[in-house]
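In the two assemblies presented below, subunit A is common to both, partnered first by subunit B and then by subunit C.
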Partner chain A sequence: MDLVANNLSYKPDDQYHLNEVSFNFKEGNLYTILGRTLSGKTTLLKTIAGLLTPDSGEIKFDGKNFLKIPVWERNVAMVYQQFINYPHLNVFENIAFPLKQRKIDQSIIKEKVMDALKSVGLLGYENRKIQELSGGQQQRVSLARSLVKNAKILLLDEPLVNLDYKLREQLREEFKNLFSKGLADETILIYSTTDPRETMELNGEVIVLDEGKVLQVGPAKEIFENPNSLKVAEISNDPPMNIIEAKILDNHIRFEGIDVEAPQHLSKLTEDGLKIGLRSSDIELGENGHEFEVELAEISGSETLLHLKRGDTKIIVSIEEVLNFKIHDKVKINFKIDRAYAFHADGKLASSPFGGLNG
Partner chain B sequence: MNFKHKYFFLFPGLFVLIGILIFPIIFVVRLSLSGWNSYNPGLDYIGLENYIRLFTDDPRFWESFFRLSFLSVTTVILQYVIGFALAHMVWKDIKFKRFFRVLFLVPMMTTPVIMTVIWRTFFHESLGPVNDLLSVFGVAPKWLTDPVIAKFTVIIVEVWQWTPFMFLLLLAGLLSLPKEPFLAAAIDGASPVRKFIYVTFPLMAPISIGAIIIRLIEASKIMDTVYVLTSGGPGTSTETSSFYIFIKGLREFQMGYAASMSFTYLIIMIISLTIIAKVLTKVLLKD
Partner chain C sequence: MNKLYIFLKYFFIVVWTVFVVAPFLWALTTSFKDFQSVNGGVTYIPWVDFEPNLEGWKVLIKSPAKGGVDIIEPYFNSLFVTCTASLISIILGTLSAYALSRYTFKAGFVKNNDITFFFISQRIMPPIVLSIPFFLFLSSINLLDSLTGLIVVYIVLLMPIAVWIMVDFFNKVPREIDETALIDGCNPYQAFLKVVLPNSIPGLIVAGMFCIIFGWIDFFFAFILTFTEVQLLPVKIVALNSSVTPWWSLSASALVSVAPLIIVAFIVERYLSKGNLSGAIK
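Moving on to the complex of A and B:
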């Protein structure tokens, strides 16, 4: 049973929330919608759920016009980025709610709710009030509520974004286990996120969304290795990919007085306005490197993000250890230039180290 | 904190409280133990005689009390149901929402006594517009002079006058509800009707209890409507406790006896409203 959308558009004000979005989702698969905030992810999920009606376009599920079916008959489940539960019900009643909407035997409801509680690790909490739970536990309850009804379409709208770092790591791990446990055999799982790392870890089919438009569709690895444009490269990397305005001449990349030998996949590009893209992790500190000035050094978890400047060129370097730098310190860096991307002036991918559009 | 002059600052508030609440209650209790009437004014002491008379020899008081219970419970239930329906209607995005919100509040802005005079004119048996219209169907109910129908006339006027108050409280309650559970409920497969039963209504329970109790306290004092509309008639068929106490105390001037009725009435009201509040909380909040 496929979920197919054709040219969905939604424009409630003067901006497109969805702009000609089309997709073909197959059952048993995990789809990740990657995009920055306000890119239309939530709008898209709400449209699939039926909470929003698009201005134009169609959604078909199992060949039937999905837009004609009211929300409560669509058999979808959704987990929101805010932890949405029923404040007047306890944990058990919350999870049983979707089942109570159908005529299901009490004993079966109990069994299913207990199963769901078990799979989200909340056994023993069934009589607690929702307000007594922590944010992570509340989100688990709403996850359990979405699992219990065995919906054909499971929508997860940035479910981890409002959790603290530790919990996020932990729940992400649990999500991965849940998704791989064959839950998804008949389910279409749609997961939206702003976090490229989450996208890579979930390793599903990725839809990159920006300003309501689909920019690229493909497996996570493909998006990461061969982003088809500057925008996608920015969205699919955190910190965003460094973009350097450079010139390639005589097999050399030149910018800000720096001169490095071009790797093979970039050597034939000679056009004007070329932009070189280099991930922050593909730049390293080195004794014989090029000198840059430190603008800002931030420590995030176990890595250090260095914001560097040379002339008009600003780059971010991520280093896998905690280092202390002062502003205006001089550092020397080397580029792993064989991992550089090149983009045309209009933002389209010119060449990638993984073989996209070589030459 | 030990502060020398604190009682001095408490005094103004305390003075008002004593003057308008504590003293009258104590005075009523003392008055109820006296035989103060028009022949014999003054605070003499006759013990529990008034209370004995009330409990053994005055069926009219108890009839008026049960009539009052019937009238207040019926009107409050109707006000709640109609008020909730109207509030729910203008809670959703409908056309002319603001217009309706104001329109539904108009009765509350009018003066009850004056409106009751107008209602009395409306329901006049031979001259009123209501029976004028109904004569098309060949019926002419005795709105104010039939012992049974007159009760319902009182109910109609009370409901008309006070539903807006209920509407206002419930609308405020609905507007303060979190939106999220409703999104969740739709996706969880709840149709609009079930959404109301399983989400809206339970979420509104605390506010409902408050609104119902406030209206019950108000409704148990029904007096002006009865006074203007039917003067308790025909016979005593629309006479309520407060109206009967008014007749005994300020028309027949049996002050001592009226005080004993007032005090008995106060005790009964406090006990029964406490029980009602407890029961409502138990049923609606499952606590």
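Moving on to the complex of A and C:
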């Protein structure tokens, strides 16, 4: 039972929330929608759920016109980024709600709810009030409520974004386990996120969305290794990929008075307006490197993010240790230039170190 | 500092309590007095300062033929009109408020907020402005001097209060809750009844309380729109007044008429203090 969409567009004001979005989701697979805030992720999920009607385009599920079916008959499940539960019901009643709605026998409801509680690790909480739970627990309840329905389509709209760092890591791990073993084979799982790391870890099929438009579709590894455009490279990297305006002449990359030998996959590119893309993790501090000035140094977790500047070129370097820098310090860096990407002036990928569009 | 704070706190509580309770006590003692004890100087304590008697109370239930004013029928009329009008106002008002909160209406330049304002603007007008149209309206549909007519008018007066309170309340209930209910298999009516409404009980109680208070204390429309067939309590109480002001029966009737509101206040207080209002939605 496939979920197929053709040219979905939705434009409630003067901006496209969805712009000619098409996809073909197959049962039993995990799809990750990656995009920045306001890129149309929630709109897309709500359209699939039936809460929004697109201006044009069609959605078919199992060959039937999905847009003709009202939300309450679609058998989808959705988890919101806010922890949405029914505040007037306790944990058990919350999870049992969709089953009661289907008029299922009490004893079966009890069994299923207990199973769901177990799978999200909330056994023993069934009589608690929702307000007494922490954010992470509330989100588990809404996940359990969406699991218990055995829905054919499970939508998760940035389910981890409102949680603190530790809980996010923990829940992400549990999600991965759940997705890999706990779901029925015929479920289509659609997960939206802004976080590239989450996307890579979930390791499903990725749809990169920006301003309502699908930019690239492919397995997570493929998106990471061969982003088809500058935009995708920016969206699928955190911190965003560094973009350097450079010239390649005589097998050398030149910018801001820096001159490095071009790696093989870039050597044939000679056009004007070429942009070199380099991940912040592919730049390292080195004694005999090129001198840059520190604009800002932020420590996030166990890594240090250095915002550097030389002439008009600004780059971000991430270093896997906690280091102290002052603003206007001079640092020397080396580029792992064999990991560099090249993009044409119009933003399309020209060459990638992983073999995309070589030459 | 802390002691001063506690002292001031209790001081003001005591002052305020005296301020609130004193009139009731005064009315209670007065209701047992006779002409002599009211007009012969200030008296406070029954059996010591004056000899209590039940004349003031008896007048309220005696038939007019025996020199009384019989407020029993007006009392039940008032209860019936207030409760019915409040109930209908709450039902209609809640439904309109939900629609105004969740759906977008547009008719030319008129939008949701304008419609909400239109409802409340009915209450901004001085009642006297409405009296003539109401009178003509009721007389044209033959409902002057009837309970039904009064209920109709009171719905017009009370529903805006319900709409106003409930729109504000529903706006605070996240839309995602309705959406989740739809996704979980409720049609829009079920989503409203099973999910939104149970989470709006504090709002319903507040709106209901205001409706009952405003309906119960209305004198103006009850006075203008009824004559002899039907009378409401406030009008009847005023009718007690004669050449000699009967302070004792006025006091008794004041106590009787304020009783339902006190009961309502206690019920509401019980309910709101259960903590249902706070933290309902996170």
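Here, the second predicted complex is superposed on the first by the 357 of 359 C-alpha atoms of A that agree within 3 Å, B and C clash if a C-alpha of one lies under 4 Å from a C-alpha of the other, contacts with A are read in each partner's own complex, and residues count from 1 in each chain.
As a working rule, contacts are C-beta pairs under 8 Å (C-beta built on N, C-alpha and C of every residue); 3 or more make two chains touch, one makes a residue touch a chain.
Note that this is a predicted model, so its numbers are computed, not measured.
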item: Joint occupancy of subunit A by subunit B and subunit C, clash or fit; value: clash
item: First (subunit B), second (subunit C), both or neither touched by A:G63; value: neither
item: First, second, both or neither for A:G301, with subunit B first and subunit C second; value: neither
item: Subunit B versus subunit C as contact partner of A:Q138, first or second or both or neither; value: second
item: Which superposed partner A:G257 touches (first subunit B, second subunit C, both, neither); value: neither
item: Interface residues of subunit A shared between complexes with subunit B and subunit C; value: 49-51, 70-74, 76-78, 80, 82, 84-88, 97-98, 101-102, 142, 145, 149
item: In the complex with subunit C, residue positions of subunit A that touch it; value: 46, 49-51, 70-74, 76-78, 80, 82-88, 97-98, 101-102, 130-131, 138, 142, 145, 149
item: Residue ranges of subunit B touching subunit A (in the complex, touch as defined); value: 178, 180-181, 183-191, 194, 198-199, 202-203, 205
item: Touching residues (chain side subunit A, partner subunit B) in the complex; value: 49-51, 70-78, 80, 82, 84-89, 97-98, 100-102, 142, 145, 149
item: Subunit A-facing residues of subunit C, complex; value: 174, 176-177, 179-187, 190, 195, 198-199, 279-282
